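There are two complexes below, and they share chain A, which is joined by chain B in the first and by chain C in the second.
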Partner chain A sequence: MENRPLEYDYTIAKMFMFTTIVLGIVGMLIGVILAFQLAFPGVNLFLGEGLAEYTNFSRLRPLHTDAVIFGFTLSGVFATWYYVGQRVLKVSMAESKLLMTLGKVHFWLYLVVVAAVVVSLFAGVTTSKEYAEFEWPIDIGVVVVWVIWGMGVFGLIGIRREKSLYISIWYYIATFLGIAMLYLFNNMEIPTILGTSAAGESGICAWYHSVSMYSGTNDALVQWWYGHNAVAFGFTVPIVAMIYYFLPKESGQAIYSYKLSLLSFWGLMFVYLWAGGHHLLYSTVPDWMQTMGSIFSVILILPSWGSAINMLLTMKGEWQQVAASPLIKFMILGSTFYMFSTLEGPIQAIKSVNAIAHFTDWIVGHVHDGVLGWVGFMIMAALYHMAPRVFKREIYSKSLMAAQFWIQTLGVVLYFTSMWIAGITQGMMWRAHDEFGNLAYSFIDTVTVLHPYYTIRGVGGLLYLVGFLMFAYNIYKTMSARPVEERELQNASPMGA
Partner chain B sequence: MFHWLEKHPFFFAVGVFVTIAFAGLVEILPNFAQASRPVIGTAPYSTLELAGRHVYIKNSCNACHSQLVRPFKSETDRYGHYSLSGEYAYDRPFLWGSKRTGPDLWRVGNYRTTDWHENHMKDPASVVPGSIMPAYKWMFTNKADIETAFAEQLTVAQYFSVTYNEPVPMKDGSSIIVKMGGSVAEAKAIALEEAKLIAADMRDQDVKDAVARGEIPEIVALIAYMNSLK
Partner chain C sequence: MDIAQIQAYGYFALTVFLVLALYGYIYHLYTKKKDVDGIDYESYSDMALKDDLDDAPVSPKSDDKLTP
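Let's look at the complex of A and B:
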């Protein structure tokens, strides 16, 4: 028994792999519908007049963002945590009944909250705050799910065999703490039932309704401190955790520089939170906050590129793997998109650029080159790496994987190029004056001109969705194939007893 | 130090938390109280306007429309005076939005009428040729939730000292009083009075009949809210 390698328990990881794929399809499908609604408004009625209230752009839009953020991405984060966590801490979930139970409760409660979110957003029950649309009963559910995950994370760390925490674990810890702090403070709200019962009018209103604890400018400040950093701790930090594990594992290369990873981690932690102010440039928040937001956004290039360059240099001397392995392709292109996106963001945060870019489709383009190119690619790569090890079967088709890679890359390129053109066109047209100093265009001129770009964007999004369906099919065929071997060979080496 | 932290998860977590919490404290706290005060001329929302605001939020109008006029000539030409912080003191939540697929609405009450909104919400392209905004016909039949709007008034009056039933100073030196009912029935009566004024300018017979029956369709509340944005 002494010679046996550790065996890990992937029960929970499998569950979250499943929701990653299902909610990914849902979120991306809604996204494609939204894209075509903007290009062809008739699509708002794709289920007929009777259901128009539930199928029009504005009702679906929060469903798209939340399905992708809290459905697809967060499931991916959880799935990889329940895989990576055990392996780098050298301890199996099966060793602790408590952790196993917590993991299962975590998954099922998560599903309940997801279902509640879907119902409430379709019904139009929303606080209107972006990525924080949920009313207080769901907020409580979110907090419970999050705390249970945190107990699982720290529980596993508590019983670890490997004393030193690997880089990925730093990032998972930061994800937990960051989102916990941001979510709590941004969702401070007073349920109206408290106000009515105090006035002796209990039970008159919608019980789930609430009023934000902050008003106007303060509300905006807290919201974008949250909104920007939900991106930081949902779309960046845990994805970096993944790549620090999966790229070295898949390529067999050691991380290029430990010092660079230290600098990037602590730099990212310190700098990211300041940058939220760049969402509020030229708004009514004080100038110095806006300037801080701009400056720190530019500084943010350093830690972001630190991680990305660390990843690219990890491939030093092994670049032929990029050509040979579609999985490495996903991760390397993901890192490249991360670099690209973290350069684009700071450029948009410069005040004079923001004056044109803000409120336009360029921002939408920026979000999507980050999410499609970096987050999406990395999560799919992680699942592709995990699938053979979790299901004990070879990946069904490598050529399907390669085809998917190129289709999705083309999709992302179409998406962000069309949105660049659309955004800059719109920003420039809004501010154009004629020779007498009058506005050169009415607002509707700046809408109709975007039609071709909206169409191209829709096609780009559709290609990405097609690629994602290929991914789902590939994983499905992998897990349902005949097992290569029921159990790993224990004593395969000549020296084995 | 870092090697030590990596072997001590608790202190590592504390270190991370302090590092990330720092920025929020410095950026959000100093201006907090000042940014909560209304400017002269800003009044709390009436019951009907608040119900309309809920319709606006329910349909995520803020996904495509901003409510923030930036201090550029092109924006003040198009939308009116740039936004002031205190004008948003009664906005819970704020509705600045992050994307202008359609135009800004912060001062839409200055240049659009009840009649315009009615036609526009029924069939946007009939008023603005080429518009990609979908129609919102269900607002003409769904009923506005006056009770929740009233509950919200009670809540903000109690927890945030919003001044209902008290004089609010206006820019010209006069003052107005925004009424809040003492009971649900009273609140509904106040909202209905306001709704009648809106419905009088509307053409849709079903809406007029509904208001005459004492019901308030969502569209009436929404228009009241739109008209209040000045």
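Let's look at the complex of A and C:
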């Protein structure tokens, strides 16, 4: 055997970088189509009457949400795990054949599940549970993929050289455990072929169809315990894991306070799980549960801001780097948007505010300033940092990255400001009534008024998609850019003009 | 005392316990400054900054694996 020095092995990280980009394009493209369908209903038929079934809003909407959550974001989480995990544990995937095989199986099975999801959702096969639309055979596939990832995570931790686990590893572990628990409990379902109806019929519906084990208020409670914590353990926890590694690494600055990072971790873990009730304010769930959801949502500001401020203060004395590096701009704006949406969320969870905000576009705006500004920016920044190191080449173009940053920032701002105005307008119009309690407006009145804001939102989304395509192109070109020496890569990523 | 009251007292006690545990943890972190192995918490940032395979670990798991 030739005697080469041991190196980190990024094979699996590269594979997941690829799906992050491809599924990001797919999910965001569908999102833009949906936005224009809301502004211009004719777009529902953009492939003609014959294919209307596949192009209408209701068929595409779960494809958008699932592609960006379970496609783009999860791929980004996996890609960064297979990069960060090795580095902070100081152990290479190449040291264990078993872990390498598990990683490959993880990737290919994930791809099979993604294909099954795309086909089934396009075909209209769904459980109708939001963000949990997959039918039972796919759910089993998801669980297998997740368990394999978990074996990889704990396997790598098991052969580590670094005794302590870096804070990012804590967050990745929390992601694994959190989603495992949430997904299992929310997707408890019974295949209909196993059931018998009251009239004695059996073998009801297609083999893949199932019904949830929960119903009514219980179903709503479990669903939003899941839905809200999917945001926690999919959009917050692993993204915090990323920024705790990539920002200090790219800037060369130690975390402002490692102690604060530990504290915020436990704060977030404890508080987040109780906040889901705010999705069910003014519904049939018990009043005390609604109040608890509100209170915990407000308390959630503390651990969230603990992490975000920790990141901003990491740049203390080094703010010129934010001006100089578009890569650091992405991360700093990302943590700023994190602060912003973790303040906005608790405000919306206050009962009196929620009376106006509930069911309106303000909620959609809130979700998107979080996912576009925080999740999207952070994942792209992570991939930009990883690209020169996994391909051993400089980033193709710094100016393209800078242009992308400003185009996408403008896109996010257009998105959330239009949705603020639309949402609050909607909320006020729905509530308006005359002295006898008759509603002042019918639903179509609100639709007419909101049209310009829906158009602006579509444009904002389109700008973000354009920026994402620039990102994809930049990464693609990086694969054939100027090669760089290993020692050039200590901190700041090398970038071409 | 019915079940709802027991739940309420239990919930209150749990909240108090968790608040005490959290503040105890803060007090511990900021007064001791070091963990049980005598390592300053802040030096753990180096796990990210010095993460090449041949960099020395902040606290090695075992001596025999030090040189890959």
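Operating definition for what follows: the second predicted complex is superposed on the first by the 464 of 497 C-alpha atoms of A that agree within 3 Å, B and C clash if a C-alpha of one lies under 4 Å from a C-alpha of the other, contacts with A are read in each partner's own complex, and residues count from 1 in each chain.
Everything that follows uses one rule, which is that a residue touches a chain if its C-beta (ideal position, glycine included) is under 8 Å from a C-beta of that chain, and two chains touch if they have at least 3 such contacts.
The model shown is predicted, which means the values in this text are computed figures rather than measured ones.
When both complexes are superposed on chain A, chain B and chain C end up sitting side by side without clashing. Once chain A of one complex is fitted onto chain A of the other, the partner contacts of A:A254 are limited to chain C, with no touch recorded for chain B.
For chain A, the partner that touches more of its residues is B, with chain B and chain C as the two candidates. Of the two partner chains placed by the overlay, only chain C lies in contact with A:L263; chain B stays clear of it. When the two complexes are overlaid on their common chain A, residue A:I173 makes contact with chain B while staying clear of chain C. Of the two partner chains, chain B is the only one touched by A:S212; chain C is not. In the overlay built on the shared chain, the residue A:F185 is in contact with chain B alone; chain C does not reach it.
Of the two partner chains placed around the shared chain by superposition, neither chain B nor chain C is touched by A:F16. In the superposed model, A:K163 makes contact with both chain B and chain C. In the superposition on chain A, A:K90 contacts chain C only, with no contact to chain B.
Of the two partner chains placed by superposition, only chain C is touched by A:Y244; chain B is not. Closest CA pair between chain B and chain C after superposition: 5 Å apart. Looking at chain A, you'll find residues 163-164, 262, 266, 270 touch chain B in one structure and chain C in the other. Put simply, chain A touches chain B in their complex at residues 37-38, 41, 44-45, 49, 52-53, 56-59, 61-62, 124-130, 154, 157-158, 163-165, 170, 173-174, 177-178, 181, 185, 190, 192-196, 198-199, 201, 204-206, 209, 211-212, 214-223, 225, 262, 266, 269-270, 272-274, 276-277, 279, 282-286, 289, 292, 296, 355, 358-361, 363-364, 430-433, 438-439, 443-444, 447-448. For chain B in complex with chain A, the residues that touch the partner chain are 2-3, 6-7, 9, 12-13, 16-17, 19-24, 27-28, 31-32, 35-36, 57-64, 66, 68, 70-75, 77-78, 83-103, 125, 128-138, 145, 147-148, 150-152, 154-160, 183-184. The residues of chain A lying in touch with chain C in their complex are 5-8, 87-88, 90, 92, 95, 160-164, 166-168, 244-245, 248-249, 252, 254-255, 257-259, 262-263, 266-267, 270. For chain C in complex with chain A, the touching residues are 18, 22, 25-26, 29-30, 33, 35, 37, 39, 41-49, 51, 53-55, 57-61, 65-66, 68.
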